[in-house]
Amino acid sequence: METFKYILRRVLQMIPVFIVSLIVIFLMMRLLPGDAALATLGEKVDPKVYEALKENMGLNASLWDQFTIYASNLLQGDLGSSYKYKMPVAELIGSRMVVTLCLALTAAIITIIVALPLGYLAGVKKDKLPDVLVRLFALVGLAAPSFWVGLVLLITLAVGTGLFPTSGWGKDWGEHLWALLLPGFTLAFASIAVVIRNVRNNVVDVRNADYVDFGRSKGLSSWVISTGYVLRNALIPTATLLALRIIGMLSGSVIIENIFGLPGIGALLVEAVTGREYATVQGCVMVFVAITLIVNLLTDILYSVLDHRIQLGGDRA
Amino acid sequence: MTSLELKLGADPAKENEGLDKPKKKKTPKITKSGKPSVWRRSPSLLVGAIMVVFIFFVAAFPTLFAENAEKPMTALMDFTAMLKPPTAEHWFGTDNYGRDIYTMVIGATRLDLLIGLGSVALPFVVGSFLGLICGYYGGKLDSIIMRILDVFVAFPFMVLAIAIVAIIGNGIMNLLIAMWIVSWPPYTRLVRSEVLVAKNSEYVQAAKTLGYSDITIIFRHILPNVISSSVVYAASDVVMCIMTAASMSFLGLGVDAATLEWGSIISSGKTYIMGGYWWISTMPGLIMIFVGLGFSLFGDGLNDLLRTKD
Amino acid sequence: MDKFMLNRRGFLAGAAALSGLAAFGGLAAPQFALAAPQEKIVIGRPVDSDDLDPVTCLGNINIFIFNLIIDGLVKTSNDGSEIELNLATGYEVDESGTVWTFHVQEGLVFSDGSPVTAEDWEWTFTRAIESEDSNWHMCVENIDHVECPDDTTVIIYCKEEAASTLANLCIFTLGVQSKAYFEKVGADEYHNGIIGTGPYMVKEWKRGEYLTLAANPNYRVEGQPYTKEVEFKIVSDDSARVIQLQGNDIDIATDLPFATLMQLENDPNITVQPDPSTMVYWISINTTREKLMDRKVREALYLATNSQEFVDTIAFGYATAASSVFAPTSEFYYGGLDQPSGDIEAAKKLLEEAGVSNLELSILIRGGNETHKAIGMILMKQWAEIGVTVKLDEREATSYQKDRKDLTQYDLIVSGWSDDIQDPSEFMQFIFDFNVNSGYYSGYHQPEEMQALNAQAQIELDNEVRKDLYAQIQQGFRDEGIYIPIMVTPWCNALQSGVTGWVQTPLGNYRFEELAREA
């Protein structure tokens, strides 16, 4: 019951944050110099055409009018439509979201495949050579800028070799998967580093814990100990960390999609900011904010479920 | 479940290094007995400190490492030596204006370091201060600031930075402003969570009974005990800020083309990768990794050090 | 290191010689179909079209395609040098020069098989004329109305006599479209594709991924187009287009960076084809700035500039140094001007005479535009020689769009123009009508004599006289010293060596009637 009340309170807290975020992005877009009409016109701007286009796009309405139109449409589930793509923003985001979610998923899977064994190895071999090497690798992962990693992967594995596509998303799921590998790895790179360090430290701490000693004293085989106790206990906190990384990956997708020419929501967002496509930006940010809030909520709940000792509804922000 | 709590509450800076900002975590102090010398206890700190000092040295005296590093941009251009691969003469090769990339990279160190430190300084101070206030007083003020903070962290970091730079324009100062706006929340959260623990501690209770003013308690008694995680976080944040700034330049939203900055050098080489001119984009990244390693090791070491204090 | 000749008569020959193939394509195409042409040709381009409604669309990425789908009464020739009849078989002009009567081919049908009627012609023209917010309205502004007494006669009533009438009639908004189709699908759906009489028709369009055109089964020329399907595939990354071209995934790559063209020269299977365009880059000098009001200072800047160095450095020789804001492919280009060639001594002397030293100038740059950026960088280097400091002021793309309209924001600006019609009248309006963009961002009000020359050139029907008028105008710009010409860039295309019949006109239009590749 207490848990339920806590979740309810958190959800209620989220609503104003969500609304304020929408208002903030609405205002921020209007603060940007220039407008969509100007952005679409390109090199030749005939003032007459510009004025007509502005009128046509509803940009001459007052800020308040624009906001009430936006808000009332939003309440009816209408996110507006993209001038550039000539389609409803909801539809546009839907099609782009698939790409970004697949990218994040690929990155998450790569992170798990690479980071868990390495982190575990480092933890088990604490302060021995494998540990030092893995930790060094993790440090490099933290230090290398992701766009640089992306470019290096492109140069070494795609350009000239043709092993991987350098850009684009392909036409069928086979091609999609292939196209996602390099960007997925690039996006995973920083996460791998964080997760390795986390898993390693967890494994080290769990191995030092009382109940592992207890297991040993009872004569359990080291394999049972490692899988049964160490791994399981070490991985629970890592799971929450991974969930949090999803938010980092969404943010990272903005750059990665740009480098690899993936038609995802991050690339759409950058394009829409440059093109002053208010509706598209508002829609994209809304999705980003919603995902962030939900992931935050889920990790908080996960925490509280995993460790009853964390006081629910206490001091958490 | 003793260990689990330790894990969950392990150092936030450690768990959240990387590109996103941390969630608030409890940070219990792990006390270890015995006090060997600082450097012996933390070899990372030693190596990290040496690397960081070296980077500062390069930033202070770039001409010692590349004689032309402080010459004006026009003097670096040499149209007769365009796009030359790395050789003994040009260690990192030259770019499409015939500029020596090694010289550019060395010349950019000061600015990038400035961006990294500059981006961290203000959020560190302001964010930590807000954390102190929120944690200590709680109540309405705390709720309001925390909700504002929620809005800030609800936006993806990169997106917010891009929008801000698009609004206020390119340039180093504006880039810093964007970094300030997006970087403060982790400090507030870290400090606040520590204050919540500290304010119930015996020494604070004692200070209250003795009738010390809030200000004295906050700054004399609480601050020194809660700031360590912020300091540790700041060390890794410097790297993140350098990388974010470089990412912004990479997207064309950072410094202008005539200002040397690592991200913009990498970005300018993008067009030439396909022509086989791989070195423009790759070589500056090596320096960034070196700097990143230095600060990360330094931060790790600092973490070890501060965690083991009594 | 000129990689090709930008002389409009010589360019096809030049391009063919470069590729090492026999003369083909364009006007000189031999009349035969290939033994076994490939069924489908894939063209990799960086950006997708966004609107295939000719009236509402913006941007080259749409308009280059229209010649494939719709035909007008007349069209520009493949080399851009003249205007040819297209669907019209002939025309008469009345004595006032305002009533143009066109005779249209008999038995024309749209790609859907329906006949082209008087109603379609009238609707197409009327829609273009009445859409005043269309970006292309400038081209039809002079048309008052049209009458189509029967399916093969189009009578155009102009407001005034104008030399550019025929060139303006080439605009794609006047390519005949099926009214019935528009009414059937409605204005919203019309953005996704139109029905015309061109060699191709829209088959499938997955936005952001590809646009496939299929051969028009009812095309009026027997045996054309040679290739059954043309796919425009979006490969946004430059290097990806190169790789896909080299990997034979695509047959043609467009909009390649100059650096990659140079690299592709070494590939025996690839033909690098920089087709001449009308894209001219120049620096506009803001004459409202006090330090730039003195013509001597502007002249010094002109002399200190070395346009060939831009060609060699930015375009790796694939462009030509400019000496006018007109492109050399234009009929009205005046070749008698000196190109900026880096005369440092003369420039220094002029600055001294003007009593100017330590001049500091900021140049406004469009963010993310590599060419703009490179022009700024090289200018910085060149002008440092005469002691002028240039500061690059790079602004995010749309902020730049806004700020360049404000003369208080910059000293210099990188400008560029490419023609939409084969006539300078549209371009000249951007320079002479101060309200459009303040004298192409120079802040310079053209004096009366220049205005008079331009007004006369607009209506002069004798081409030779007209050429002379535009020569005087170009000389005038040179004397005013408001623009520093930099370079003329080509369309940077590269093809598989087996591809024949590739045509991109200087105006940018694709013409694929004879495009083919041996299977």
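Each chain carries a letter (A, B and C) given by its place in the written order, and its residues are counted from 1.
Everything that follows uses one rule, which is that a contact is a pair of C-beta atoms (placed from the backbone, for glycine too) under 8 Å apart; a residue touches a chain by one contact, two chains touch by 3 or more.
What you are looking at is a predicted structure, and each value in this text was computed from that prediction instead of being measured.
**Q** Could you say which chain's mean Cα position falls nearest to the mean Cα position of the entire protein shown?
**A** A
**Q** Of the chain pairs B-C and A-C, which one is connected by the greater count of C-beta contacts?
**A** Pair with more contacting C-beta pairs, B-C versus A-C: A-C.
**Q** What whole-number Å value describes the gap between the mean CA coordinates of chain A and chain B?
**A** Averaging C-alpha atoms per chain gives centres 20 Å apart.
**Q** Centroid of chain B to centroid of chain C, CA atoms only: how many Å?
**A** 47
**Q** Please report how many Å separate the Cα centroid of chain A from that of chain C, as a whole number.
**A** 41
**Q** Which chain B residues sit where two or more other chains touch them?
**A** 166, 273-274, 276
**Q** Which residues of chain C are in contact with two or more other chains?
**A** In chain C, 239, 243, 368, 396, 399 touch at least two other chains.
**Q** Residue numbers in chain A touching 2 or more other chains?
**A** In chain A, residues 32-33, 154, 159-160, 274 touch at least two other chains, as defined above.
**Q** Note which residues of chain A are touching chain C in the complex, please.
**A** 32-35, 38-49, 52-53, 55-56, 84-87, 154, 158-160, 162, 165-169, 171, 260-261, 263, 274-276
**Q** Applying the document's contact rule, which stretches of chain B touch chain C when the two form their complex?
**A** Of all residues in chain B, those touching chain C are 72-74, 77, 79, 82-83, 96-97, 165-166, 169-170, 252-253, 256-258, 271-277.
**Q** Where on chain C is chain B touching in the complex?
**A** 238-239, 242-243, 257, 259-260, 262-263, 309, 312-313, 365, 367-368, 370, 373-374, 376-378, 380-381, 384, 391-396, 399
**Q** If you look only at chain B, which of its residues touch chain A in the complex?
**A** Residues 1-8, 10, 14-20, 23-24, 26, 146-147, 149-151, 153-159, 162-164, 166-167, 189, 192-193, 196, 236, 239, 243, 246-247, 250-251, 263, 266, 270, 273-274, 276, 278, 281-282, 284-285, 288-293, 295-297.
**Q** If you look only at chain C, which of its residues touch chain A in the complex?
**A** 50-51, 58-59, 132-135, 137-138, 188, 191-192, 207-210, 234-237, 239-240, 243, 246-247, 368, 396-399, 401-403, 405, 416-418, 430, 435-437
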